[in-house]
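Presented sequentially are two complexes of subunit A, the first with subunit B as partner and the second with subunit C.
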Partner chain A sequence: MKFILSRLGFYLLAFVTAVTINFFLPRMMPGDPIKSFLGRLAMNGGQITPETISALEALYGYSTSTPLWQQFFQYLGSVLAGDWGMSTRFFQPVFEVLGRGMLWTLLLVGTYLIVSYTLTTLLGIYVAWKRGTWTDSVITVGSVVVSSIPSVVMALVMYFIFASNLGWFPTSYAYHPSLDPAFSGEFIGSVAYHLVLPLLCMVALGMGNVMGMRSNMINQLGEDFIVMGWAKGVRDRKVMLHYGARNAILPMITSFAMSVGAIFGGSLIIEIIFNYPGLGQVMFQAMLARDYPLIQGYLLIMTMMVLGANFIADCLLFVLDPRLRTQLD
Partner chain B sequence: MSKLVEVKNLCVDYITFNGRVRAVSDVSFHINQGEILGLAGESGCGKSTIAYSLMRLHRPPALISEGSIEFEGRDVLAMDDDQLREFRWKETSMVFQSAMNCLNPVKTIEYQFWDIFDAHGLVSSRDESIEKAKELLRIVDIPTERLFDYPHQFSGGMRQRVVIAMALALKPKLLIMDEPTTALDVVVQREILQKVYQLKEQFGFSILFITHDLSLMVELCDRIGIMYSGKLVELAPAKQILSQPLHPYAHGLGDSFPTLHGELQEMKGIPGTPLDLQNVPPGCRFAPRCFKATAACREQEPQLLQANEQRWVACLEPLKIASQAQQPEPLTQSHSEPSETTCAEAL
Partner chain C sequence: MEGLMKTLLRNIKQFMLDNPKAFIGIVIVLTVCLLCLLAPLLTEYAASARVGRPHQAPGGDHLLGTTRMGRDVWAQVLYGGRISLMVGFVAGTFVILMAMIVGIASGYFGGLVDNVLSLLTNLVMVIPSLPLMLVLAAFLDQVSPLVIAIIIGATSWPWGARVLRSQTLAIRNRDFVHAAEVMGESKKRMLFAEIMPNMMSILASSFIGTVIYAIMTQATLEFIGLGDPLSVTWGGMLYNADQTSAMRIGAWWEIVAPSVALASVAIGLALINFSIDEISNPKLKAQRIMAKFRREQNKAAKQQAAAPLTNAEQAS
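Presenting the complex of A and B:
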């Protein structure tokens, strides 16, 4: 409990730091959105009245005349209140725009993390146990080759073969447009069906983890307690799982937490290619339109995701590694 | 005394990129019931390799290439996987060289005891296993409430005692102790070995005790085998091996250790370094470092021959023992001859 509270405190601090940087970074750059808007307006021959300026200030949620530190506290308050400003591309509150895509991205990334880490961990355990054999070579080399394909190439190839040419999978959307979201078998089936191809693509790209798990496991198999396990007459299967794998998964949990940020980033490309209505589409358009409030909002969400994943990993390690437990208690 | 284990012409090879390296070459010995046999020698001379062989724990690239191991008349090398699994720990158990690292760090001691009983189908419930484990912890003087702790919560000496308790769990007939106290200080070492000796007297098992600490060995063991570069060069009662060595290497070892009792003498080392097993020259392996080596020693490889009723030595120019000048005769006529040729061929 004490551990969880101290970790929570740490993550809160990390979050506040991230929010602070998130606030100051754009403001340290020359120019500001209101001035640039006014500039464009003037160039196009528009009228600039005090009303125009105050309207813009209301839209962007800050005033050029307020000091920076006051703006910062205003910003902090509105972040916590869920008021993340207006998207300049979609003319809707950032929170709403992100909320729409967030669900699908979370579904994709969440399923990916579960499927990929389960698969690569089990494969890694298996090939390490069978190391030096034919199976080991095929799986090891195969996973390295597959995971070193650039994600854009992988996604495009899979899209053209399986969705466009063979027509086995849908070419876009997260569920069939004729369906209304409902908790029905038909709707869930459609969602799963639309998820398969982007998910497969991401899982293939993440196959490199097999190598990580394999080498962890091989390291563990060289340890003395493994030999002692055999000497005790413990069955092979139990030595493999309770002696080898049980120790080898510990570093995997850390690597899982570290990779969450990159996975969210990587999923954007996949979503765009498969026309999946996650944050990828939204962010692509936001970036083209220099939609700063939306980009900032996205950064905030990413920060929360990464911190959240790290917190989960910390808790998992706390449960799985007794050495960590004693150290912290 | 009847023989518990009989090892004949054991050869163990490691497969390397430069071909096979014979780590243990044509080693024969036996362990009697209730006896403590010591194996001494420099690092890398094959002591631990022999210990692993007795439980068939070698994994590639190591393999037993020649010889036989009989445990109470059963051929250990012929056992299939299931028989071997049942044999391990039940008949022969082992205290590993690095008892510090041979406990699974993420499981409690209780779980690791349960593992043993469960693997051999000897308990019907977890509670029964806990009771037995507590009994064993009491034997090695560890408070029973520590049963549910994890390995890292114990000190080095305690961990060693836990491992000894585990090794005794199934009341094995042979306990292998592979440098069990190397990582511990002298006081703890003494405590542990006294405990082991006491338990041996109580339960009557045999011990194969491996160390490079000769003075410790002389105190504890009944008989001692001296190994050099994968060969057993001398086998003798413990009291005689340092006082009346037959092999020049045993003589050199005796001069390299201070005795625990008696006056301090000047210590002499043995010049030179151990043999590179990848490149074994003809003749006696110790010849390049031997003060008595003759031209014949560099050509002819000596066999382990019986010097008298209790002593064996592999040397062409053995040191004289004042009262016991007996002509050496072969240890095992029927076995040493044919397999020597096969070993020689493999080399």
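Presenting the complex of A and C:
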């Protein structure tokens, strides 16, 4: 319990740090969003009145008249209350825009996590078991090579070959635009069909985990309790899965927690290239329009997701590793 | 002198046989680096000058064709590589220095220093770096390659710091460090002469890991359109090609050239990293040892299987 509480405290601190970064960045940077907006307005022949300025200040939650610390607490309060400002690109509350994209990103990243971690863990176990054979060389070197290809390159190549040229997969959207969201076979099929290529791309990029699992497993297989298992005459399969893999999985969960930020980041470029309407796509639009409130909201929501994933990983470790429990009780 | 050369060559050959993956990786990376360094000798064109008709196919005057702006793709790949690789190495150096200072200090000194530095490391680690970079880049508007390198460096050191910290902790309690302490060695000597040499492999692999990450991230940032449009880089080339819908009108070379360059550098570095892991953790390098063992086992099994057969033949 104490362990969980201290983690929660840490997550709160991390979230406040992200909010602080979000707060101070626009105030430190040379490009003042309000001035640049006014500049654009003036260039297009717009009228600038004191009301315009105060309206913009309200829009960006940013003002020169109140002291900085007061602004900070105002900002923190509104963020915690779910008021993340208005998107200047979509003219909707940031929270709503992000919520729409979040659904698809969670679908993509969630499916990716399940598929990729199952696949790479099993492959890693198998390859470690068969170490020194041709299968091992082919799979390990193959996964190193495939996973080190930059995500932009991988996504572009897959997109142009399989979606654009061969036409096997759709080139945009998360489901066919003629369909209405409904709990029907047709709709679910369409969603799955649109998910395949981005998912494949992410799984290929995540093949590097095979290496991690392989080295954990090989380290475990050198331990005495494995030899003991063999000496007792335990069947190979049981030694592999119950003795070796059971322990080798633990570092994988820690590494999952460490890399979850990179995974969400990786989904960004995939979504942009495959025109998948997730958070990455929203972020891309926000970038093009220099929609600062939305860009800042993106950082916050990403931080929240990473913290959430970390918390899940903490709980999983707590359940899976009995040493952790006895240590703390 | 000749003898020295011979030993050197023999050593290289031995290294090649022992670590074929590292060797292939080194060859790829060195080739790309050399090509980029020797760019002025390999192409007569400047990277950002109009030197031909738009979208000329590869071959003839333009080895890899031209872009829509009539720029030579081969020249762009070579000159762009200089900047892309430079960003990778600058960011890698930054990260490794930061990780070393933070990781070793918190592992070695422990106590309050450790608590503060670990908290900082964990904080930077859970705040997702790509979104943070995007936010920074968005507020700075278009950013130059050097700024990209610094942003990447400043947001991606925690991983290395954490690994180095735990390694320092592990080494710190070894007998030889205690012995050095009892002998009254200075702290500086203990850190640099006793502890550091044991972390070379981790330092090397996290340096290479960061270089890969930095080159990839830079390409991503530039592809999104956050790069400086005036400097030619691999990511910028992809961005320009995508913006001018090069693929749709069949100018595949515009996408393929920087893609191949990016992928080969990343794969080469990853192969080197893979070998470093193997060398520093011999358990992973079971390949040849196990293969030899298996061969002998198989031979023995065959002989055994063959023996009764010959007896049976004799009997019949």
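Heads up, the rule we're going with is that the second predicted complex is superposed on the first by the 314 of 329 C-alpha atoms of A that agree within 3 Å, B and C clash if a C-alpha of one lies under 4 Å from a C-alpha of the other, contacts with A are read in each partner's own complex, and residues count from 1 in each chain.
Rule of thumb we're sticking to: a residue touches a chain if its C-beta (ideal position, glycine included) is under 8 Å from a C-beta of that chain, and two chains touch if they have at least 3 such contacts.
Given the structure is predicted, the values throughout are model-derived calculations rather than measurements.
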Checklist entry - Are subunit B and subunit C a fit on subunit A, or do they clash, once the structures share the same frame? => result fit
Checklist entry - Of the two partner chains, subunit B (first) and subunit C (second), which one does A:306 touch, if any: first, second, both, or neither? => result second
Checklist outcome for this item: Quick note, subunit A centre (C-alpha) to subunit B and to subunit C: the enclosed angle in degrees to the nearest 10 is 60
Checklist entry - Touching A:243 in the superposition: subunit B (first), subunit C (second), both, neither? => result first
Item to check | subunit B versus subunit C as contact partner of A:88, first or second or both or neither | outcome: neither
Next on the checklist: Between subunit B and subunit C, which one contacts more residues of subunit A in the superposed model?
Outcome noted: C
Next on the checklist: With both complexes overlaid on chain A, does A:121 touch subunit B (first), subunit C (second), both or neither?
Outcome noted: neither
Checklist entry - Given the touch rule stated above, what does A:298 touch, subunit B (first), subunit C (second), both, or neither? => result second
Checklist entry - subunit B and subunit C, closest CA-CA distance after overlay, in Å? => result 5
Checklist entry - Once the complexes are superposed, what residues of subunit A are shared between the subunit B interface and the subunit C interface? => result 132
Item to check | Residues on subunit A engaged by subunit B in the complex (per definition of touch) | outcome: 132, 223-225, 227-235, 238, 242-243, 246-247, 250, 320-323, 326
Next on the checklist: Using the touch definition from the top, list the residues of subunit A that touch subunit C in their complex.
Outcome noted: 10-11, 13-14, 17-18, 21-22, 25-26, 29-31, 131-133, 136-137, 140-141, 144-145, 147-153, 156-157, 160, 164, 211, 214-215, 218-219, 222, 258, 261-262, 264-266, 268-269, 272, 283-284, 287-288, 290, 292, 295-296, 298-299, 302-303, 306-307, 310
Item to check | subunit B to subunit A touching residues, read off their complex | outcome: 55, 57, 60, 85-90, 93-94, 96-98, 101-108, 115-116, 119-120, 150, 152-153, 166
Item to check | Residues on subunit C engaged by subunit A in the complex (per definition of touch) | outcome: 21, 119, 122-123, 125-132, 134-136, 138-141, 159, 162, 212, 215-216, 219-220, 223-226, 235, 238, 242, 247-248, 252, 255, 259, 262-263, 266-267, 269-271, 274, 277, 281, 283-284, 286-291, 293-294
